[in-house]
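Scrolling down, you'll hit the structures one after another.
Note that chain A is present in both complexes that follow, paired respectively with chain B and with chain C.
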Partner chain A sequence: MFGYEFYLDPSRCIGCQSCVRACEECETHRGHSMINFDFIDREETIATAAYVCWHCDDPTCAEVCPADAIKKGEDGIVHSSLKPRCIACQNCVLACPFGIPKIVPEYDQMLKCDMCYDRTAVGKRPMCATVCPSQALAYVRPEDIAHRREKPTNIFYFGNQRVTTKVFMMAPENQESISIDVADYTWEGEREAFLPA
Partner chain B sequence: MKLFCRPSSEPLWHEEFSVFAADERYVSRRQFSKFLVLTSLAMFVGNLWILVRSWFSRHPVYPVARIEGAAETPVGGVKLFAYPDSGEQCILVRTGENDYVAYSQKCTHLSCAVFYSREKNRLECPCHNGAFSIRNGSVLQGPPRRPLPRITLEQRGGELVATGIQIRTEA
Partner chain C sequence: MAKPSIPLEELARQYGPHLNYAPVGGWHQESTHPYSLVKTHCCFCGQQCGIQLKVRSNQVIGFEPWEEFPFNHGMLCPKGVKRYLQSNHPDRLLDPLMRSDSGFRKSTWEESLSFTARRLREIQEKYGKDAVAVYGGASLSTEKSYLVGKFARVALGTRHVDYNGRLCMVSAGHAYKPAFGVDRSPMPWSDIPKAQVLLIIGANVGECAPITTDYVWRCRDNGGRLIIADPRFTPIARNADLYLPVRPGTDLALLMGLLHVVLRDGLEDREFIQEHTTGFEAVADSVKPYNPQKAAEMTGVPPDAIEKAAHWFGEADRAIALHARGLEHHSKGVENCTAVINLCLATGNIGREGAGCAMITGQGNGQGGREHGQKCDQLPGQRSIDDPEARRHVAQVWGIPVEEMPQKGLSAVEIMEAIHRGEIKGLLSLCFNPAVSLPDANYTREALEKLEFLGIIDFFLSETARFADVVLAGSLQEEEEGLGCTAEGRVVHIQKAVDPPANARGDCDILCDLAGRLGKGQYFPYRSPREILEELREASRGGIADYYGISYEKVDLQMGVFWPCPTPEHPGTPRLMEGGKSFHPDGKCRFAATAWRPSGDPVDGDFPIYLTTGRVVSQYLSGTQTRRIGELVEQYPEPRVEIHPRLAATHNIKDKDWVTVTTRRSEITVQAMVVKTIRPDTVFIPYHWPTERSANRLTHRTLDPHSKIPEFKVSACRIRRADAPPEWWLRRASEQARAVAQQPASAKERR
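Moving on, here comes the complex of A and B:
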């Protein structure tokens, strides 16, 4: 759909998992949901987050693929691995900074969110965005998202790696980019625990 | 060694294994089968064209042309002339007082010009030692497989004229 963009806002996610079920319904990958659904911290909070693929401008998963199986289309969508090429080596799974690609053991193939390119190409919204009741996953025009308090950004920093994406993430108003360093999220005592005394 | 350096800073593998599907330079199965179908279709049409053309030009019409100076040629002598047009060289041999034979001068092997060998009484090709009978142009030796095309001759009012070309395809 021309002029429409995908916006992710985990702060709106209510954990209903409608997106997960809706994604499973798709006939191209029936029974396998391509939504990455996370419980943030089950001990502390009921917060959940549902993610689709961000469709990076320079996709790391495709860069690391030794079999040249992951391809980006002209519409900017990074597709699932090509079945005749994928060797299920899991390089993409390890390399993707967002943790999106999944290996499906029964197919020996990597499958990932392809933003329902079969639907969006003919003017329909992706499955997950049609069912999300709180619009944590929204496929709308930029002017329709502008009234929200959070502002969209598609620039991410993973340590030194700068990643720009097709899908937008809703971020606090004055934040231009989202910076994530894995070291920030490790348990404080972890480092010391593995060091020799 | 600067000559062999790549102009772009991108590594070669990045270009050859592009992440963009549009840059893929492999031939897809559909592309290949399309190529096969279209090529065989073109071959079929071409063969059909050759068949139709040969069907219509099975009996070509040759002009009647006077051979200048045939009477002045001595017995056992040779006269070159062009027939049916100026590009086609032919060789006339006077074998008897009233006997003439004429053949195309192009050897049927690789189109070298044949000449008349008086001592062996045959037409010979200097290129690969091919030889043709003076009686009917059939192959006597050498690599040619087909006999020389024979020019049919007629006496009309005291003048020798060429009336056509006899092409035999088998030896």
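Moving on, here comes the complex of A and C:
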């Protein structure tokens, strides 16, 4: 859908798992949900989070695929593996910084969120973002998301790796990127140069 | 006597709950085959979300969000997403059943209805008209609800008709009607994002009214402050600006404390109080003792938090207070709701955009189902059954002499008590599963077994239906046309998507047939729900809930009509009390003083812990439908008891340990969920399950004296770690293994 973007805001999530249930109703992967859902730490908090694929501009999953089975479309959607090519080696599962791809044993193939490209192509919003009661998953116009307290960003740092994505994360105002600190594992000399200000 | 002829476990093996995971034909059916989309509403909670059902060959095969519907814009909770799996379910009753030595046997409509009519007549001839009672339900369409009330009063001539809405929001109704002259949320939900302060007390919005979450978050996006009062840190509390951890059963003290601070600091709206209300002085006197210190001691909420909440609420130009079962399920449920109203009236927050108070009605047609006569104390149009003018009007519409109109009868729990005492001998029940949903479940079971006749109209064999003499295979929501009314007072149109399968029949059809066999057919000539609506419009005309101007076509055109709607030209009334004008003849809103009193099941040395019960997001009410949908069950398979780590430590309980919870009635053993999201003096168990897993074995039958709602939200209990898993768990584990092997074959055979 032209002019619409996908926004994720775990702080709105109420843990209802409507997205998980609705995802498997989609035509392209019926019976299999592609949503990643977590209770963060149920003993400590009620906080939950639901994620779709972030659809990276330079998808790590595709870069590490030895079978060249993962393709990004012109619309920016990173697709499930191509069945004839996928060897279910799990490279993508291990490499994705967001932990998105899954091997589906029934098909012996990697499947992942394709942002309901079949729906968006015909003017429907992705299933998960349509049903989400808290709009923690939202597929809306940028001017609509601007009403929120939190602001969108699509720049992530995983230690040395800078990742930009099609999907936006809602972050506190004035925070231009999101850093997940794995600096302890990286070469100290390089760290300074890559960390955000 | 209404006793099952074979063990309940055996009945469960035959009739479920079995789990349905996939649509008709499995997940891999070709999706390119043509289907039609039917714009209708979810069958579950009071939000009544718009949804499109995918229909092919008289089967519901899936859903598609309905983004144009203005309440939910396509949003759905997991129950709504999976609701379609109740259609074509292997447990579906396809024929009327009669009890036999081997459980139940298939019957014919002729045999089962003649038998039902004969038994009801025999009991009434032997013991009197009022020896038979009728139970209805708030998930029925408005037309069906109307028909249930008329059927009881005209076809059976009994006083005793009540419904499971008695377990829902009646306390709110009994507070709002005296205060405003009307029992409805005074505002549309579109007001919520416009409030500057939102107080949500006793409402687990994220799990029990999920779509309302979006309205709450949008209020915050607009800069609104969110105050949450609840013994549990519920999902919406995660973004609260102020969280008030109120001790179960003490909400009234908190609300009186808030009003105390408002009045002490001069934050009240004197002009509004003067012009639009009566009874203020008595209320002002009643809250004088409830200073923050005293309120804190009673509620466990810090005094400064009470001060802060009162100031935020009192200083805002536009404040809204929302409440649900957490406030209403108490022996002082009416006073609790009245205290919310008092707070809003004192601060002038009513009848304006972005200001007001509202109950978040819980059941599917919780609003519409209580407006047109299946309540023991009301006639259609929300008219009081004690009002001679109302009796005359309705008797005339029904074509009966006014002296034949029965008087007020007993409420839902009181009916079960009268059955237990042996005063009521026969019961006809639809859309109600008292074996799971009434408090003190062991008592309910004893009562059911005492019945001389139990007739059930249902689409699945509910836990209550297991006790029945006759089970009449009725219809799902999507199998009959009708109206519903949502939590915000919007009348919506339930479309008929498919016909009832095989020999199952529409509920209206069954009731009308039965009325004919009771010799009252001339009063029930309807050939369709549309004809019932025509009569309902007349019956409600001039009443409070005036539906005279409502038609299916108008509802479709406007995407819902807010009642009252007195004429066909009238657009409906989204916001009530505009300009501070109530429905009372003098136009004033009425304050009412409240007095605190303890719970009906107080904690003491033997039972030192508070037990509170409620819902989880993936299950609905007694679970008759949702315990049959595979993934909803997997999301939260069994009841667990939430315990704070501090309390757990004192009992040597760890997460996932088996814990026996004991009250003055009974005990159950369930798994522990050790979480910091609950008060350390309180435990929580959801109530959707039957028998040994039933939280309602623990609850008590203390009723609010006005609304007759049971006190589900506070019981006294003690806990101990159990050494071994309970029998039900071991039995289920072995049954599940067997079911995996057997289910497809047995399901196929029964179809």
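The rule we apply is simple: the second predicted complex is superposed on the first by the 181 of 197 C-alpha atoms of A that agree within 3 Å, B and C clash if a C-alpha of one lies under 4 Å from a C-alpha of the other, contacts with A are read in each partner's own complex, and residues count from 1 in each chain.
Basically, a residue touches a chain if its C-beta (ideal position, glycine included) is under 8 Å from a C-beta of that chain, and two chains touch if they have at least 3 such contacts.
The structure displayed is predicted, hence computed values, not measured ones.
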| item | value |
| --- | --- |
| Clash or fit (per the criteria above) of chain B with chain C on chain A | fit |
| Which of chain B and chain C A:62 touches, first, second, both or neither | first |
| First (chain B), second (chain C), both or neither touched by A:125 | second |
| Contacts of A:143 with chain B and chain C, given as first, second, both or neither | neither |
| Chain B versus chain C as contact partner of A:17, first or second or both or neither | second |
| Touched partner set for A:70, first chain B, second chain C, both or neither | first |
| First (chain B), second (chain C), both or neither touched by A:31 | second |
| Chain B versus chain C as contact partner of A:173, first or second or both or neither | neither |
| Broader residue contact with chain A after superposition on the shared chain, chain B or chain C | C |
| Contacts of A:46 with chain B and chain C, given as first, second, both or neither | second |
| Minimum C-alpha spacing, chains overlaid - chain B and chain C, in Å | 21 |
| Residues of chain A defined as touching chain B within the complex | 58-59, 62-63, 68, 70-74, 78-79 |
| In the complex with chain C, residue positions of chain A that touch it | 11-18, 20-22, 24-25, 27, 30-31, 42-48, 125, 127, 130-135, 147-149 |
| Interfacial residue positions of chain B with respect to chain A in the complex | 17, 19-22, 24 |
| Complex interface listing, chain C residues touching chain A | 22, 27-28, 31, 62-63, 65, 67, 72, 74-78, 80-82, 206-207, 210-211, 213-214, 217-218, 220-222, 233-239, 617-618, 631-632, 635, 645, 655, 673-677 |
